[in-house]
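What follows are several structures.
In what comes next, chain A is part of two complexes: it sits with chain B in the first one and with chain C in the second one.
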Partner chain A sequence: MSRPVILVVLIGIIVSILGGAIGNAFGLGFLGSPIAHIQLPAEPVFPKPFIDTGSGLIGDITITNTMVASWITIVILAAVTFTVNRKIREVPGRIQGLAEVTFEFLLGLARNIAGDNARRFFPLAMTIFLFILVNNWIGILPGFGTIGWVESPEKVVHHAEVKAEKDHGHVNLDTVHLQVFEGTGPIVLLPPGSIDNHMKVSQGYYLTDDGGLKDVPEGQYLDDHGHLKDIPEGQYLDDHGHLKDIPEGENKENWYGYERKVSKETPNLLIKSQTPGLLIPYLRSANSDLNTPLALALVAMVMIHWWAFSTLGVFGHLGKFINFKQGPIMFVVGILEIIGELARIVSFTFRLFGNIFAGEMLLIVMAFLLPVIGIIPFLGMELFVGFMQATVFAVLTLLFGSMAVASHDEH
Partner chain B sequence: MEGDIKTIGAAIAIGLGAIGPGLAIGQLAGKAMEALGRNPEAAGEIRQNMVLALVFAEAIAIYALVIAALLIFVA
Partner chain C sequence: MQTLTRLIGLGWLVALSIVSGIMLGVWIDGELGSSPLFMLIGLALGIGVAALGAYRALSSFLNR
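Coming up: the complex of A and B.
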């Protein structure tokens, strides 16, 4: 590399470190955004469920952000397919040429794995490959996970309570964190340079005896036992909820609300144009929701067994699993095969879900530590992981398919 | 207190779960290098198969990571 390139890369890394969480420790952190709220289940795009079944067994049907992301993928794939298919010529144009090269390459790969059955398995394997690939790749576009609506503190605490109720515990308000957003409205995003825009629910809200959530009124505070008390004259609450004396000579009017001073020096400031809450993104990588990989795995396994049944016949295929003819050892082997089939679904699901969810978490943490510039190599790595997981899912579908259609006597 | 035990559990889950895949990836890459040394012409094929196998080894670590994440974010 030439010297100017090295210099630019070096400056980029230094800026990224100083602008991020590490720089924040020295009063910098001009690029950093707060560490986003990591949540395992997909979040609903609309606050209310789409269909309220009222049944505990099925649950409500909500439109989640991962669903929206996978619909976008479907639209993209359908649009590309339609464009290619509209004008098929003998001498291919650019788009048709790209599609043909891709398909021929992948069909060759499929032939290596599945042999004569490749043409039969290819449509499903290719669909799975493209669906997962596009899902993974659009999942790291900007806007995924960063633009959304704000869930109110009451709702956040309500969810924490529901979770605590399942665990037979109590909500510790100190552990419930909120982010602070500029302005209100249906679309918000986390602005850069806002690393410290976090507050604890206990700083501004308290639980009433009947389980409701109320604002701590101005001029009052919560003591250690959870009782409301007036803030004594000449004192204020700091960020940790401790009473402190207002320094001599400061104007009392500058100390806004329960505990915050309107000043740039105080990290946890909340002025009147800001809203506390949690960001619920409109879009999120579809495979970071366990349901999408599970659905794909079920489709793949059902089709694999369908192929096996149509090739070997019902008894031919069932005979692999329930086997009385060849003695007790083969019977146990058959039982193990059943367990193996179930384990395949689980490993299919968790391999894809784990990789993509871990990737999302990695990107969130890296965006916190090394924002804007330092995160670029990790984005590249996520592109590679997304491609590899799509390949692995498709290759395994082909492999399991060709194993399933092989009759038992052959091997 | 309960949270502390969960955190320790998550750390143990990913810590122990990373040992196996770590050994596997090392073994895999070592053998691939060996094969590459013996047969440099097959570099493309070896690399392709190695990466595929690496992904499978890595997936085991990811399972452990999922358990750790479940412990922290869900349980």
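Coming up: the complex of A and C.
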């Protein structure tokens, strides 16, 4: 490498490190990306459920952000398919060429694995491959996980209480974190700046007796027992809610108390124009929700058994699992096969879900630690992981399919 | 390729058969109040089934 290139790379790395959390620890962080709120279940897109069944068994039907993402995938795939199918030429254009390369890649794999059955298994495997691939790849586009609506602190605490009630625990407000926004609306971006834009619910808010959440009034504070008290003359509250003396010579008007202090030195504190809350993104990678991989795995397994039934007949296929004829050992082996089929569903689901969810967490953490430049290799890695997982899912569907249709005597 | 496929689900098979054996035993214990007898029996059965499954998956390689 020539010297200017090395210099540019070096400067990039230094800026990246200084601008991130490492720089933040020494008071130099200027590029730090926001800490997204990490949540396992998919979040609803609208504050209210789509259909309120009012039944505890089914629960409410909500439109989640992962559902919206998979709908976008379906629209993209349908649009590309329509465009390619409308004008098929001898000499392929760019989109047709891409489609042909993709099909030939998986059709070659299918011929290797399934042999004569390749044409029969191919449509499902290709559908699964394309759906997972596009889902994984649009999941790392900007806008996923960073644009959404703001949930109010009251709702956040309410959810924490519902969760604590389920776990038979007591809600600890110190563990409930909020993000700080400049105004709220239907479309809100995750605020820039890293740890500065986080606050705990117990700072500046208190729980009323009926479980509500209220602003701590100006000039008052919460003592250790959660009671409201007036801030004494000549004192103020610091970041951690401890009473401290106002320094000599400072104007008392500037020291509102810890939740209203406007100052560069105490960025954790809310100023009047800011709103606390939690960002609920409109879009999130569909496979980071356990339901999508589970649905795909169930579709794949149902189709695999359908193929087996239609090839071997009902008794031919069931005979693999329930076998009385060849002694007790073969009966246990049959039970083993049933457990194996269940294990396949579980491993299908968790392989895809685990890889994609872990990738999302990795990107969040790396965007926080090494912003702007340090994250680029990890974005590339996520592209690769998304492709690999789509391939693995499709290839395993082909493999299990060709194993299932093989008759019992062959192995 | 087909013989290699048998190894893919092996880890989950071992985990699932042991866990399902234990859970079955715990359920029977809860019904009969005989804790921990059936849990141990279920554990032994689960380990046995898991070992059998592992042997079946690996036998095609062992016989060579």
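Quick note on the criterion: the second predicted complex is superposed on the first by the 401 of 411 C-alpha atoms of A that agree within 3 Å, B and C clash if a C-alpha of one lies under 4 Å from a C-alpha of the other, contacts with A are read in each partner's own complex, and residues count from 1 in each chain.
In the analysis below, a contact is a pair of C-beta atoms (placed from the backbone, for glycine too) under 8 Å apart; a residue touches a chain by one contact, two chains touch by 3 or more.
Predicted model, so just to flag it, every value in this text is computed and none were measured.
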item: When chain B and chain C are modelled together on chain A, clash or fit; value: fit
item: Chain C, chain A and chain B - angle at the middle CA centre, rounded to the nearest 10 degrees; value: 40
item: Partner chain in contact with A:I6 - chain B first, chain C second, else both or neither; value: neither
item: Partner chain(s) touched by A:S402 [first = chain B, second = chain C, both, neither]; value: second
item: Touched partner set for A:S347, first chain B, second chain C, both or neither; value: both
item: Touched partner set for A:V332, first chain B, second chain C, both or neither; value: second
item: Which of chain B and chain C A:I113 touches, first, second, both or neither; value: second
item: Which superposed partner A:I51 touches (first chain B, second chain C, both, neither); value: neither
item: Three-chain overlay, closest Cα atoms of chain B and chain C, distance in Å; value: 7
item: Contact residues of chain A, present in both the chain B and the chain C interface; value: 347
item: Residue ranges of chain B in contact with chain A within the complex; value: 2-3, 51-52, 55-56, 58-59, 62-63, 65-66, 69-70, 73-74
item: Residues of chain A that touch chain B when the two form their complex; value: 38-41, 169, 175, 347, 350-351, 353-355, 357-358, 361, 388-389, 391-392, 395
item: Complex interface listing, chain C residues touching chain A; value: 1-2, 5, 8-9, 11-13, 15-17, 20, 49, 52-53, 56
item: Chain C-touching residues of chain A, taken from the complex the two chains share; value: 112-113, 332-333, 335-336, 339-340, 342-344, 346-347, 396, 399-400, 402-403, 406, 411
